[in-house]
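Note that chain A is present in both complexes that follow, paired respectively with chain B and with chain C.
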Partner chain A sequence: MAPEIETMPIWVDFAGGLQTLFSNKPNHMISLPIFNPSDFSPANVGFLISHLVKNHLKHPQTEFFVQEDGHLTPGILVLINDVDWELEGEEEYELKPGDNVIFVSTMHGG
Partner chain B sequence: MQLNSTEDSRPNGVAIATNGEHNGFSRRLTDEEFDRYSRQMIVPGMGREAQLRLINSKVLIIGGGGLGCPAAQYVAGAGVGTIGIIDGDVVEPSNLHRQVGHATSRIGMKKVDSLITHLRDLNPLPTYTPYTYPISPENAADIISQYDLVLDCTDNPATRYLISDVCVLLCKPLVSAASIQKSGQLIVLNCPPTPQGKVDKKYPPCYRCCFRKPPPANTQLSCGEAGIMGPVVGLMGVAQAGEAIKILASALHLPSSIPSNPEDDPHNLIQPTLLIYSYDLTAAPGPFTFRALKMAPRKKNCFACGENSPQTLTLEGVKSGNPNYIQFCGIQTPKIVLPEQDRITASAYHAARQNGQLQNHILLDTREKEHFSFGSIDGAVNVPFGKLLMKAATIKRHGGDAEEILPVEISEDQKDVPPIFVVCRRGLDSQEAVEKLKELGVDRGGKRKIVDIIGGMKAWKEEVDPSFPFI
Partner chain C sequence: MAPSLCAICKTERAYIKRPKNHAKLCKECFIRVFEDEIHHTITSSKLFYPGEKVAIGASGGKDSTVLASVLKTLNERHGYGLDLVLLSIDEGITGYRDDSLKTVMNNAVQYGMPLKIVGYKELYDWTMDEVVQTIGKKGNCTYCGVFRRQALDRGAKMLGIKHVVTGHNADDVAETVMMNLLRADLSRLSRSTSIVTGDDRSEVKRSKPLKYSYEKEIVLYAFHKKLEYFSTECIYSPEAFRGSARSLIKQLEKVRPSAILDIVRSGEDMARLVPGESPSSCACKGQKAAAAAPVDDDIGGCGSTNGRTPGGEMAAMDKQLRDNEEYAELEVDVAKAISKSKQGGEETKKELPIRSGSGPSKGGRQVLGQCKRCGYMSSQEICQACTLLEGLNKNRPQIQI
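Our next item is the complex of A and B:
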């Protein structure tokens, strides 16, 4: 039997319409492996995005969330604990148990 | 009683001299002004100077719609002295659930004229300047240069980037808001206004600093397509007015309000904050949420305001089409157009039904169930586009009977292979649906015809049934 993968809780929120891609639920508690199994590096936001796509993105129109290269679609803001991820190192930010990551799609209507 | 102050003390403690340049700051309020603005003037932090700053201010509201109407009402009510409104559209019945500055009696009137009619009735004291055409790269700088502060109440990314760029170039603070369905956002940009290229301190961001690239064109939604709840966009518009009044009343719109060394006095720099308001109608209705998100300051590498921006963005450039905003925000990618034999006009489909050529067929309507609930063609079965794609993806991944994609009640008991017609709202999704169904083999190797109804329910209304309730 494969050893159980150790996980940590990450609170993920979607807003601005992105929640429709994730079972119409704006708030999720994600059990994220503490290491990226592909290279055993500590789980960062980049790994969280691929984890979300693989395990939680049920909608077929994935282009609303990620591009073909696996990076986030332009126009989506990411906030780590309510702070713009650009202040936190973007995809490289290493997640800690209990972190809150928000994905907000930019709105244009008015 | 001391009325005549030579010093104008701002709430943040910095005093600026009111000399001849600030005409009207030492005058008395008229009796009418005194009565009208008394309730806001007694609020701590306001007072006579702040009210006079509002009266001497000029605000440009770009867009007279869902954001512009409530924003303009409160900006006018507060007594901002000059209010410009720019919009090229006319009032339509579908605007009125949220664009509360218009009226049923003014349907068909230019929005700008309609809104100003309403505002004059609310407060006749300000000077109202109408611009009854859309803002464009050619006219943006000429108009924006005449104002102290800009409210972006528009509805598309290309215009939002244009407005922000020109505000940076002309050193104007910008209060930007947007809204769609059940969510809204608000952010104050370039405030206090800071010249292009200055990045050494924690200067305020511009729209491009926060939203470097627009979302791909195929993922952008408009209120017309996605819908919008009135109070959501209304809240954002009111909040825009609130920010505008705060900035003007405390003189943060003046370039001189940037302290020479902001590090010494961090109080003078406003933490850039993005407000997100949203609630849910579809899942179990939970509470609403307001979130205030801390945004990064001005970016060194920003195209519009960063270190090298004077080389990349200029007023002359903007006017002559550089950058090209339409291209930057993505020209609507032309969707797949099926070969002619897979398509039929709404009127030809109707005729075929009428003369009995289509006794046995399946009609799939791929609109959302909310749209479908208002009416459909006789015998149509609702399979929302998203659900259809989802089912198609599942079948592709895990296998299964492709025909299960069709609703059970029509996929059973069909020994023959009746043709399938697909209709959507405007004729785009239906083409993609036809392609998907064929890809999955629902056409049984060509034995079954799968046909797109050209132009969707919009065409049906235009060509066949004018009374159809099209949304």
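Our next item is the complex of A and C:
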């Protein structure tokens, strides 16, 4: 039996059209492993993004969310507990249980 | 990481990092600064006069929703005395526009503004659903763009309004500057950087009060003010991201966020080098009625000071400018659509009387006249909408003409 991986709840919201990439659902409760299994570093937003792509992105056009290098596609805003992620260290921000991460696309028409 | 404090009030926690200057602001100070800068753009460009009736081109998307909200706020705060109306276009796209129009209807109630909806069906006897059934998806954006431009004007006329404001933001303008640069289309570059297009001679003028507002800040403004907007991509425009110029702008912003306003300002500066043309950038640098000497821009909301000519020269060129820029916006839309359709196929190109898209527009000047068919203002004998309609009507399967 595989060892239990300890997870924490992260509230993830998609807006500005991004929800169409994630089963058309704007709000998700994600059970995120508390460590990145590749290097056992604490789970940060960068790990959350790769976790979302691997497990939740249900759309063939992944480039609307991430680039080939795995980084977020420019033009998507990220808010961590309503704070601009640029003030929180972007991908390096270490997530805590219950954190709310919002991805908002700015690319759709106005 | 310890939370930063707001750079303005120094008491609240910072929630926003501004792309233009990296300032860290709390929600309240951000909202105030965002509105104040638009107020600065409006007053320094003398966009409105007291008592003016203004139609807000409202799609239900983020830009026009924020524009309506900010204009309502500023109109009340600063006593502009504007009579604001929401004007929406129903292109007749089932499952797209009918949904977004519901958002506009909600906005009309929330903001206490009258709403006018004009449909392609009533104006042209075609919905976009029918256009796509007839010509297919390729090139349909060209039709939609040409029709929309005229529809907004006609809607405004029905309301007795001579001024339509649109939600074009700094990212949109930067994108257009890049496209016109890449095409080496200097005259269009000049027109596309203007904050106002059209003048008293034309029936309806257009302006873009959000010209210096970052898309990021528009989205954050909507988020923190909890504004309701609609964000689904048009079902007939499968490229969810509007072309490579758009991606390029976003990549540049990632590297250096101030790049967007720098491109807008560079576009204005370059446009002024185009012989016989002049852009109307933020008038705090000395546009028409403004004093001859350039005024220093303390808020930083508008054009750069590099290489500015004295305001007197700007004023002298202003009339010439106004003669030139009537169709700036339409051309942008058409050019985009054509470049798209060029990639995919040739079928729409033949029918289009518009600049072929194969090269820059020739010369700068357009002579404004009237369409011989519909009487609508046009720089050609038959306006673009009528030419497109002629092609459509010939191909309408069940109707004999």
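Going forward, the second predicted complex is superposed on the first by the 107 of 110 C-alpha atoms of A that agree within 3 Å, B and C clash if a C-alpha of one lies under 4 Å from a C-alpha of the other, contacts with A are read in each partner's own complex, and residues count from 1 in each chain.
Basically, contacts are C-beta pairs under 8 Å (C-beta built on N, C-alpha and C of every residue); 3 or more make two chains touch, one makes a residue touch a chain.
In this text, all values refer to a predicted model and were calculated from it rather than measured experimentally.
Trainee: Clash or fit: how do chain B and chain C relate after the overlay on chain A?
Mentor: clash
Trainee: Between chain B (first) and chain C (second), which does A:42 come into contact with in this model arrangement: first, second, both, or neither?
Mentor: neither
Trainee: Kindly classify A:9 by the partners it touches after superposition: chain B alone (first), chain C alone (second), both, or neither?
Mentor: neither
Trainee: Of the two partner chains, chain B (first) and chain C (second), which one does A:33 touch, if any: first, second, both, or neither?
Mentor: Neither chain B nor chain C is touched by A:33.
Trainee: Examine A:70 and indicate which partner it touches, taking first as chain B and second as chain C; both and neither are also allowed.
Mentor: After superposing on A, A:70 lies clear of both chain B and chain C.
Trainee: Going by the contact rule set out at the top, does A:89 touch chain B (first), chain C (second), both, or neither?
Mentor: Second partner only.
Trainee: Just chain B (first), just chain C (second), both, or neither: which does A:24 touch?
Mentor: After superposing on A, A:24 lies in contact with chain B but is clear of chain C.
Trainee: Is A:107 touching anything from chain B or chain C once the two structures are fitted on A? First, second, both or neither.
Mentor: In the superposed model, A:107 contacts both chain B and chain C.
Trainee: Which of the stretches 343-351, 379-387 or 451-459 of chain B runs into chain C once the two complexes are superposed on chain A?
Mentor: 451-459
Trainee: In the superposed arrangement, what residues of chain A touch both chain B and chain C?
Mentor: 15-17, 61, 64, 73-75, 77, 79, 82-84, 86-87, 104-110
Trainee: Enumerate the contact residues on chain C facing chain A in the complex.
Mentor: 1, 3-4, 13-17, 24, 59, 61-65, 167, 169, 171, 215-216, 218-220, 223-224, 229, 231-234, 240-242, 246-247, 250-251, 253-254
Trainee: Using the touch definition from the top, list the residues of chain B that touch chain A in their complex.
Mentor: The touching residues are 63, 65-68, 153-157, 160, 177-181, 183-185, 210-216, 218-223, 226, 228, 233, 274, 276, 278, 280, 282-283, 286, 289, 291-296, 299, 386, 389-390, 392-393.
Trainee: So in the complex, which bits of chain A are touching chain C?
Mentor: 15-17, 20, 61, 64, 73-75, 77, 79, 82-84, 86-89, 93, 104-110
Trainee: Which stretch or stretches of chain A touch chain B in the complex?
Mentor: Result: residues 15-17, 19, 24-26, 58-61, 63-64, 73-77, 79, 82-84, 86-87, 102, 104-110 of chain A touch chain B.
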